[in-house]
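Chains: A, B and C, in written order; residue numbering restarts at 1 for each.
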């Protein structure tokens, strides 16, 4: 005998404790099983691409801070790399090393936040968040020491970075780097082997390797599915080819692998930081670049490996002080297209966890 | 012969019979209610401070010295809020649900032995009364979820029914183990027969009962009824004002009630060397509650089907086997020294847990659509 | 990483949480205790020096939002006299591009972050309100001379009991009381 059931539509609306921003999903549920999902975005659209057409190249840098506001320095870095590629500017050595130090510290901070809130969505009542934010606070203090702000840094400039580091920066960073592997081991002890976490995340929402490549996923989502693709190794930008680090690759592509890849990436970032601190040369930090830059006519696409994936900036210049077209390729919007494949057939609880494991920031999806 | 019965006998000499019957009853009820209300307020403060300490922060510490007025401020705030009933909700059931959730909690305290002879009524079927009364709250939660006319609340409601019903059975079977060893259903008898606390004598029974009551209380790791990150406050999503206060107090009242039951059944109630019995009782209740808060601070929550399989495939068979072992011991080894029973029980508990963990598999749960 | 199934992972996690009971909490009782901010902080205010400003409007050109409004007239010593210098601090995102652009060091960022007002018009600051005073101190962002005279920042990396940090408190009974009832 077949019991007649009827699927119903649940609106996991823009205001929800765990949608990591204003993201709306219309989910069709059959009991507790997700049958269909329709994401609705655009609640945080601010028109950054249009605003970029009316601002000079230096004035766009504070705008790029506000795209992926949890990893602002990598946004700045991607943008200035694209402009430097277009205008053909070389930057001093010390500026290169400072950019790498800031970018890797930013990667640690962003992953701490992502992993913390992933575990919070699982239900561990803010405890992993607070432990991880203690380390993130130390990093934010260091950023405040260098460039004056804790969230929107505006630190990179076309031709280098804006300020040199004060003399108390390096001892504090060395102390942080020495203590961090111990703290990552503590986080592993807290929840990596917990049976409840394993039962909820291992084998759940598997993204197969071919689907990941076909939907143009990037970042930890792609690496967890078994594809060894990291832009720092595959298409090295800046001076990443001088550092020795590994790229962690998952096996299956479930939620646990995405969490595990992020934890391992934090360890590799600490390795890069140690090497960069040891090799830091002296010199100026900002090349001689005119204040109103007129790049030659042309178009450029500059991309980097941000903590969430491949972040790209596409610029068309017509030799004036402002770009003709300024387009951003957000990593999480492209990763989000794989959400339906990952989630259909699982339950509402798994939907929230999977969404947290993609690590979404609405600022860069909606721009 | 409890204190209240002595009081009644003494009054029966002075006043007419109906007064001697009524006054000790009212006095006892008022004392028990005062104990419950004060303890719930202290529990709210204690939980928030302890949870803060686990999370390397201070808890509430601004209102009053060390924040002791914070629960009162919380209660005032909730009472002053407007009581909103959704337009299409079922008004009678919406109104009735908090009452049905809260009142059974108060009724449990009628048989909790707070001291040597300090118990409101010494029912000779005390533990059966507790089990019966505590199952009524499940109906209340389901009513709250259904009457709110809200899909989130509905999801919470049908998870409730599954969870509450499936965890009743292991709890009752663990209680039966205790009753067999104690030889009586009455709560005072159970406490007095524990020369060695049953925590040591029946470790497996204790673990099953503890996990089962944490599930009955809807606390982490089984708090999917009010999973904050998924269904945004679950069954009490449409409640505000006094009705929400009843749910809130009901949750902490449940925690208090089950901590008292665990203390009575497994930790030898009020027994202890130097201090007065009520102090020992309170120390043990706070210890049990601290462990519950500790679990809340650390563990994530289970999914619905994992919770059900944990109850039916994990706890229930272990509870049945535990009952068999205890029954076998009581039947064939009644005169043996208790310490040998301790050793046998601990060894069998370890063997059973290791065997049952073989069943724990990962990655299931996908349904073909 | 071997995976044991019978509950040892849960036990390890709970042991870690238990160890955290004995670590000092890292909470500050704001507003009684405040951290020393960075020397280069881009706080929520600007400081303007009347005697150094020549009215060149480099800051207004550098601002991405167009927040700065300058009105000048030609003076009698071949200079500009600044009549009106208004900054809309409500739209300002405190990016610091104006401070970097000023060739005469006439504009500096402030150190305070508690600059909320009740009305939207109250955050549009004119010449007199933007000058330096005891509640409006300049920070060292792009101003190395000011930076050298400011106190060092308090850092969480160095914050423990021995170096003057928060005292250990059992069960959160802190030695420093909050604003009691």
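What we mean here is this: a residue touches a chain if its C-beta (ideal position, glycine included) is under 8 Å from a C-beta of that chain, and two chains touch if they have at least 3 such contacts.
Just so it is clear, the model here is predicted, and its values are computed rather than measured.
Undergrad: Tell me, please, which chain's centre (mean of its C-alpha atoms) is farthest from the centre of chain A?
TA: Most remote chain from chain A, centroid-wise, comes out as B.
Undergrad: From the Cα centroids, identify the chain that ends up most central relative to all protein Cα atoms.
TA: Checking distances from each chain centre to the full centroid gives A.
Undergrad: Indicate the whole-number Å distance between the mean C-alpha point of chain A and the mean C-alpha point of chain C.
TA: Centre separation, chain A to chain C: 25 Å.
Undergrad: In whole angstrom, how far does the Cα centroid of chain A sit from the Cα centroid of chain B?
TA: Whole-Å distance between the two chain centres: 44.
Undergrad: Using CA atom averages as chain centres, what separation in Å is found between chain B and chain C?
TA: 49
Undergrad: Residues of chain A that contact two or more other chains, please.
TA: In chain A, residues 127, 131, 134, 190-191, 194-198 touch at least two other chains, as defined above.
Undergrad: Can you pull out the residues of chain B that are in contact with at least two other chains?
TA: Residue numbers touching two or more other chains: 54-57, 297-299, 360.
Undergrad: Can you list the residues of chain C that touch 2 or more other chains?
TA: As it turns out, chain C has residues touching two or more other chains at 5, 7, 10, 13, 16-17, 20, 26.
Undergrad: Considering only the defined contacts, which chain B positions touch chain A in the complex?
TA: Its residues touching chain A are 51, 54-57, 151-152, 155, 220-221, 223-224, 227-232, 296-306, 360, 362-369.
Undergrad: Mind listing the chain C positions that touch chain B in their complex?
TA: 5-7, 10, 13-14, 16-18, 20-21, 23-27, 169, 171-174, 177-181
Undergrad: Report the residues of chain C in contact with chain A in the complex, numbered from low to high.
TA: 1, 3-5, 7-10, 12-13, 16-17, 20, 26, 37-42, 62-64, 93-97, 100-101, 109, 139, 141-142, 147, 152-153, 155-158
Undergrad: Residue numbers of chain B touching chain C in their complex, please.
TA: Result: residues 49-50, 52-59, 61-67, 69, 294-295, 297-299, 353-354, 357-358, 360 of chain B touch chain C.
Undergrad: Going by the contact rule at the top, pick out the chain A residues touching chain C in the complex.
TA: On the chain A side, the touching residues are 55, 58-63, 65, 127, 131, 134, 137-138, 141-142, 144-149, 152, 154, 162-163, 166, 168, 172, 175-176, 179, 186, 189-198, 291.
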